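Below is the structure I would like to discuss, written out as structure tokens.
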Amino acid sequence: MSPILFWIFVAIMLFFAGMVVLNRNPVASALSLVVSFMALAALYVSLDAYFIGVIQILVYAGAVMVLFLFIIMLLDLKAEVRRRMNFPAVCGGFVVILLFLKVLSDVCYGVFGGNAKLPPISQGPKGDAWQVGMLIFERYNLALQVVGTLILVASIGVVILSKRELK
Amino acid sequence: MNLLVQLTYLSQIIGALLILGGMPARRTAIIATLIAFVSALIVFAGYDRTTAGYQFLAALPLVPDWDLKFSIGVDGLSSTLLLLTSIVGLAAILVSPTVEEGENRYYACILLIAAGAAGAFASLDLFFFYAFHELALIPTFLMIGIWGTGNRQSAAWKITIYLSIGSIILLVGLIGLYLLPPAPQRTFDIVKLQQLASSGVFSGSGSKSIYLLLLLGFGILVSLFPFHTWAPQAYASAPVPVAMLHAGVLKKFGLYGLLRVALPLMPEAAHHWAWLLLILVTGNILYVGLATIAQKQLDLTLGYSSVMHMGYVFLGIATYNIIGLNGAALLMLAHGLSIAALFAMCGEVRKQTGTLNYLDLGGLATNMPTLSFVFGLATFASIGLPGFANFASELLVFFGAFKTPTPGSAFNEFQIVGTIALWGVVISTVYMLRAYRAIFMGEPQARWQGVRDIPAKVRWAVVFLVAALLVVGLAPRIVLDAVEPGIRLFVK
Amino acid sequence: MNFSPWIVLFSPFASVIVTVLVTQKFRKLSSYISVAAVAISFIFSLAIFFGPNGSKGFNWVDLGTFRIEIGYLINDLTKLMLLVVAGVGFLIHVYSIGYMGEDRGRARYFSGLSLFMFSMLGIVLANNFIMMFIFWELVGVSSYILIGHWFDRDAPPAAANKAFLANRIGDFGFMLGILLVWSASGTVTFEQLAQRWPALGLSPGFMTAAALLLFCGAVGKSAQFPLHVWLPDAMEGPTPVSALIHAATMVAAGVFMLARTFFLFQTSATALTLILWIGLITSLLAALMATQQDDIKRVLAYSTLSQLGLMVAAVGLSNPQAGMFHLFTHASFKALLFLGAGSVIHCLHHEQNIWQMGGLQKKMPITFWTFLVGTLALVACPPFAGFWSKDEILASAGTNLPAFLAIAIVAFLTAFYMSRLFVVAFLGHPRSDQAGHAHESPLVMTAPLVILAIPACIAGFPFIASAFIKLPEHEGSPIGSMVISLIAFLAGAASGFYLYKGKDKDEIDVPLFEHRFYIDEFYNSLIKWTQDLLANISGFVDRWIIDGGMVRGLSGITWGFGFALRFLQIGNLQAYAFLFGAGVVLLLYYILFGTK
Amino acid sequence: MVTLNDYLMASGLLFAIGFAGVLLRRNVIIIFMALELMLNAANLSLIGFSRFNVQNGLPDYNAQVLVFFVITVAAAEVTVGLAIIVALVRARQTTHVEDISTLKF
Amino acid sequence: MTIPPFCFELFVLALGILLLLLETFSEKQDRKMFAFIGIVGLAVVFLLLQTSTPGPSGMVSYVVDSAAIFFKKISVLTTIVVLIMSIDYANAIKRFLPGSSPQSGLGEFFALPVLTCAGMMWMSSAIDFILIFVSLELVTISFYILVAYMRRNANSLEAGVKYLILSGLSTGFTIYGITWIYGVTHQTNLARIEQVLPGIPLENQPGLLFGALLVLVGLGFKIAAAPFQFWVPDVYQGAPTPITAFLSVGSKSVGFIVLLRVVQAFQSLPAVGNRLITAIILLAAATLLYGNLAALPQTNFKRLLAYSSIGHAGYILIAVAGIGSRDSGRAVVVYLAAYLLMTLLSFLVLVIVTARGEGDDIVNFNGLAKRSPFLAFGLLVAMMSLAGVPLTAGFLGKFLVFKVAFETRQFFLIALGIVTVGCGFYFYLKVVRAMYWQPASASVTSIPVSKLSLATIAIMVILIFVLGVFPQIALGLLP
């Protein structure tokens, strides 16, 4: 993928991520999140991770975001009433984030000689879905089972927590 | 034979458990302490004085990796202190008043305190030596808090927190001590440690700081100046048996620890820090002595005086010669007996009159002839008059302090502190006689007309204590001959 | 094996044990046991007196290199002192049967007396410093017990405390001296010390210090200036106690100790000079104070002080034998005087003010005459005992003119105040009802008076005294000092008679003397401004700075930190997230950039 | 040419934005969304690392497996989280963080 | 016959599903029966675990070493006790759940801890970041549900939301950290990471350290290390008490096993490993101070236990920081074993005392010694052990921690430890004071205790003393 496309997608991703935080309307935030995640999926694809990119769109844009939107609607959340900003807290938050970014950029530009090139890959006989699938079902089979349990637990939990009247 | 030493603490632990299980409290407690007393007496008498070293040994290996054993045994010093523990323990049970509520807990706590002290003295393993002493901490807290008098809550907090911090410092010091030798030689066994000491493994650079930790830890437990402020208030507020056991016996644990662990293992470090100990001793004797004079209540006076007298033991320990150390050992016994007797009678006075303030009291001797007589004896013992064990031991401490390598030379620091300590005798005379006079002498007051003399059970207890003081005071060799060989082993 | 010293020593001890433990309830029996015990002691003392010298002991403490012995040392000094102590003690025990007959605490009293006899005999027999110190302290205890015998009044306990404390202060020096001597010589046994001490080659300063510190013991016990204040107060005790302890024996223990260990003092001229002047000052001050006292026992007490000062001065003049000689004679006539005074007090229902007495000549003839003998002995009227012994001291002052003069003045003053006492208390007419209805004491009290009067009369004659004590030969003629002594006596007695004959109240008023030079007041304020002040400061510091500041402060600060930390826990989710993030950033910063 | 560091920085910025959302927004649901951003930032890094770590001519699919699990777990977390938030709103009628601070000190 | 090691989790999982099925298909059954079934089943698993020995597992991401077995035992034991507590707590659960029958939701309340337990057991064996992550999340998400379980109780929900957001935050950091560790080492498996670490070039080490620190942050959150501990008091207070106990013991224990494994792996590259240990020392110091100091003015018993749980995390972190010492792992294990006993004992007594709707302030324990001497004694022993009185298990833990600290020359931490132990005595004894010194208020009467709880308390009291007096038993937990 050309660098220009990369930068465009990065810009979209970061801009809409920013919108998630800055929008006062929860619905707008949720929609921004979808856009941001789609750009992210494009970046995945730019890294030859097609399977993950597809999953990203399916799960996030397709399922999670719908859930978010649904809940926002359900709860009938209005745009946040502007409350008085707690300035020390905001400043403190910015300082913490800027410092974190400073650490992060120092680390980022310090490692790998600062300019690791994208190594070429050969297109294998099987697609990456197959590769990932083999790993999941063979090497990480146990983890998969754990995730299965996790989903079981989560679904029970959701029932318990949100059913209006338990049987 | 080995069972005898075990009995000195086990009988009390078992007694406590039985009492908690519902046995009649007082009777069981008396039987338990009597068994402990008899076995301690047999151990003391049966200890073979012709050979130094540990006897009545028994050990149960627990952690072979660390050479940690449940190891029991006595030498002259510990058999003496075991005897002291059992005597004071028995007396403490005897003087215990009728408890309205929770009698079982009351007696179980006393027994546990006594058992903790006895176990610590009988242990020959650093781990259990330490652990047994701490066993007494919580019962003390409970007893002062529940059955104490006056400002009991603050007193209970203070003693417990202070002592727990002291103990944890001590624990760190003991761990450091354990880690001092190279790995294959590490052991918790006090006997083995003492044998190791001759090979010089404890004279390394770390030994000085570890000695300081031990001194600090043990010092806090003995109310070494300036870590003494827990003692007077706690003793003043504690129920009588606790004050007796704590001031009389438990406090000696720190001194015993110095004599048993710190000094024999790290003589160089002891020499190195002698100056510090001397300064603190001065604080204990002179400063606390003066503060004692300023007290206006008998319980506080006794509490402060017990802090002050610890200074003499520390002085004996600081001298690090045969005379001073034997004096310190004997003084531990003597002070334990005398302060226990004094606290027992102090409690009786409080029970009868409801106050211990010098301004309120006076002329009690008319109605309490026996009490005032025995109190007088205990007072004389406490201020170090001949005939009582305190005198012999303080005398030895002074001689220890004045033993100089070069005869006739100028005063060295030991002699200066020795002189101050000698003046301390005058100070203690001032406050004890003043207290005695203020309480017992003078015109009988109308409001104390109803006061009755000491009841039989208390009388037997205090007479028992004072008699022990007299016997040892008249013939100190009973104790010294047992203690001396053990001390000679590590003092060249 | 010679058991007599042990029997002498331990028979009163056995009496203590029996009377305290067994016969406390039976007052009469207790007193008889006590008297019997001292009688046994006296008999065996006689046996020792005629027996050989020797020394023997056993180890009380044995630490290998360090031993404390309990043992006896019999020599001429011991023999004399044993006789004095046991003899006077026996008589006073007998006298006490009468004097304390009605007292509730009679059993306790006799236990105390027996304890005193035990301790005093222990001092006398001791063959080393530590044993002497042990009994030295015990003497103090028994004195405390006996002074405070009437504990249900206010004054006796106070006096007892004062006496005990003054003694303890003296003992502080004494013990320090013993420790110094021991640290230098390595021994405390008198015989060994006597051999080793001069050969040790110690610096003069050290020897002076050691000697003076030992002397402190004598200052306390023998009530020398500046620790003399306890003795007059000690008169609060029963009169036989005053006679035995505070006149004849215990207070003489200091002098005895000086004599016993004179070899230590000999080596330091400075110390001797100081001892001499302490003795003389005590003697003078006490004599001056005695001239203004109205309490019969107090007059006698000050005279005791004064005489003790003379004895100490004799030691300071390097003539301890003279001191011992005076001690010997003084013991008999002062005991006699006190017992006589006791007899008077007893008959006057515990009236002690001499201005409430008078006209006793007829009513109490035995007391009157024996008291006269005692007075004459004390004022050094020839040929009574006091004349010879005082003369001996005067003579040893010899060329030391200031000392000589001082002793002479004391002699004059003694004659003055004793004649004042005698004139006021016994002659003239009764000045109170009690004095008017007085009658003679019972036999058990008068017999000791009569017996004591005998040595007071004759003990001074050189040919009798030499059986008891060997006095050094003097250079030059003794006549000079005898004349001075006689003049002083006559002048004093005459002025006393002249001034007080037929008077009903004291017309001479010297507040300075009456208030004992305000020394007690000075001490009270001294104690208040030193000891009590320091004590209160220490108490304050302990309560508010060490306990309040250090302990409570630290725990309070800790608690405060804990309390402050709670305000991080404000319940706001976002604040927690912020703190979480801040923690992450700080950790990353420090570890990534702050450490290597 | 796009380097690994560019991907990492992009991911880092996304993470920081998510973090900022957590710190600055008061609406629990938005905070929750911001948390999703953070997880996705991690995923981007992972994919980047995986692509730049080529073995035998193939990217390292282990990392992609991890991403797969992260996405799954995140989805589960979202469902449970939203259920809790719904319950909270039912109980307290608020999604505002400052209103849920009764437990403190 | 030996059971394949990975079967234990499957047993527990099956047990959990069995409970869910029972819940679904039985209408009338008393739900408490399910708890008993769970307890018995877990007890069987525990006994079976006794037979398992360290050995190869046949999987790369899963190990069976003695530490793993030990932590599995801890997980199972904790769950058993939590179920016992849950029985006593059932009334409170019912009160705060809307349901058609009084039994509504109870079955799940007993089943979820069992499933969580399976997650913990997986976590104990996990040495691959992937497995670590998913099992960690299994545990975390279960706790979201459990903490917020009483959804009619605002406090429970509030706790749930706080836990949700903050835990999500920490998950974000953790996964980001894992990313970086993977990015530098190209491995997710700790065993492999340990092998390749020495070859990491110097320029990449900051990235590695960055990742490791972020993983440390995430784990620090789990084990309640300062400054990532702020959720602890609030969540502990709001959550249903058995769940608080579960969080406090189970979640923390498995956090520590992962932490130990990570720190151990990083020791192969001292340049990074030592700095990681420095970070742990800092966390330990902050945690010790925060936990023990902030507990001093506490008046709510549950919050007190929360702060105490933070404080104990500090002590265990000291042991972790002393990983250079031979006894470091032992110290962690012994301390956790002791911590398990004494904390669960405290919570059990708390559940029983507050079962009938009384508050959980320390004041509510006033006069407990008179109302129920046995409960008071149990709590007394727990408090003694928590404070570190000798001859109790808690002392042995502290002893080992100080020993390890001394061996690795962490004198600063030792000094802090001395201060904090003193503080500990103060606030633990506050509870003892309430029970023994203070009179009970007039309205309260004696407290009924079920036989099962009684037996559990007795067993735990005995175990506390046995571990304290016979250290070899505790040390034998991790040979």
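Every chain is named by a letter (A, B, C, D and E) in the order it is written, and numbering of its residues begins at 1.
Quick note on the criterion: a residue touches a chain if its C-beta (ideal position, glycine included) is under 8 Å from a C-beta of that chain, and two chains touch if they have at least 3 such contacts.
Keep in mind that this is a model prediction, so the values were computed, not measured.
Taking the mean of each chain's C-alpha atoms, the chain whose centre lies closest to the overall C-alpha mean is B. By the count of C-beta pairs in contact, the leading chain pair is A-D.
The chain with its CA mean position farthest from that of subunit C is A. Centre to centre, using the average C-alpha position, subunit D and subunit E are separated by 26 Å. Separating the CA-averaged centres of subunit A and subunit C is a span of 100 Å.
Centre-to-centre spacing of subunit C and subunit E amounts to 76 Å, using the average Cα coordinate of each chain.
The mean-CA centres of subunit A and subunit E are about 31 angstrom from one another, to the nearest whole unit.
In subunit C, the residues touching two or more other chains are 566, 569, 571, 573-575, 577-578, 581-582, 584, 588, 592.
In subunit E, 130, 134, 137, 141, 144-145, 148, 151, 161-162, 165, 169, 173, 180, 183, 206, 210, 233-234, 419 are the positions where the chain touches two or more neighbouring chains simultaneously.
Shared contact sites, meaning residues of subunit A that touch two or more other chains, fall at 93, 96-97, 100, 103-104, 106-107, 111-112, 139-140, 143, 147, 150, 154, 157, 161. Across the assembly, chains come into contact as A-C, A-D, A-E, B-C, B-E, C-D, C-E, D-E.
Remark: subunit C residues 574-575, 578, 581-582, 584-585, 588-589, 592 touch subunit A in the complex.
If you check the complex, the residues on subunit C that touch subunit B are 59-66, 68, 130, 133-135, 137-138, 141, 148, 151-154, 156-158, 160-161, 164-165, 168-169, 172, 175-176, 179-180, 182-186, 200, 202-203, 206, 531-532, 534-542, 546-547, 550-551, 555. Looking at the complex, you find that subunit D touches subunit E at residues 8, 15, 18-19, 22, 28, 31-32, 35, 38-39, 41-42, 45-46, 48-49, 53, 60, 62-63, 65-66, 69-70, 73, 76-77, 80-81, 84-85, 87-88, 90-92, 100-105. Residues of subunit A touching subunit D in their complex: 1, 3, 6, 10, 13-14, 17-18, 20-21, 26, 29-30, 33, 36-37, 40, 43-44, 46-49, 51-52, 55-56, 59-60, 63-64, 67-68, 71-72, 74-75, 77, 80, 83, 90, 93-94, 96-97, 100-101, 104-105, 108-109, 111-112, 114-122, 124, 128, 131-132, 135-136, 139-140, 143, 147, 150-151, 154-155, 157-158, 161-162. For subunit A in complex with subunit E, the touching residues are 103-104, 106-107, 110-113, 139-140, 142-143, 146-147, 149-150, 152-154, 156-157, 160-161, 164-167.
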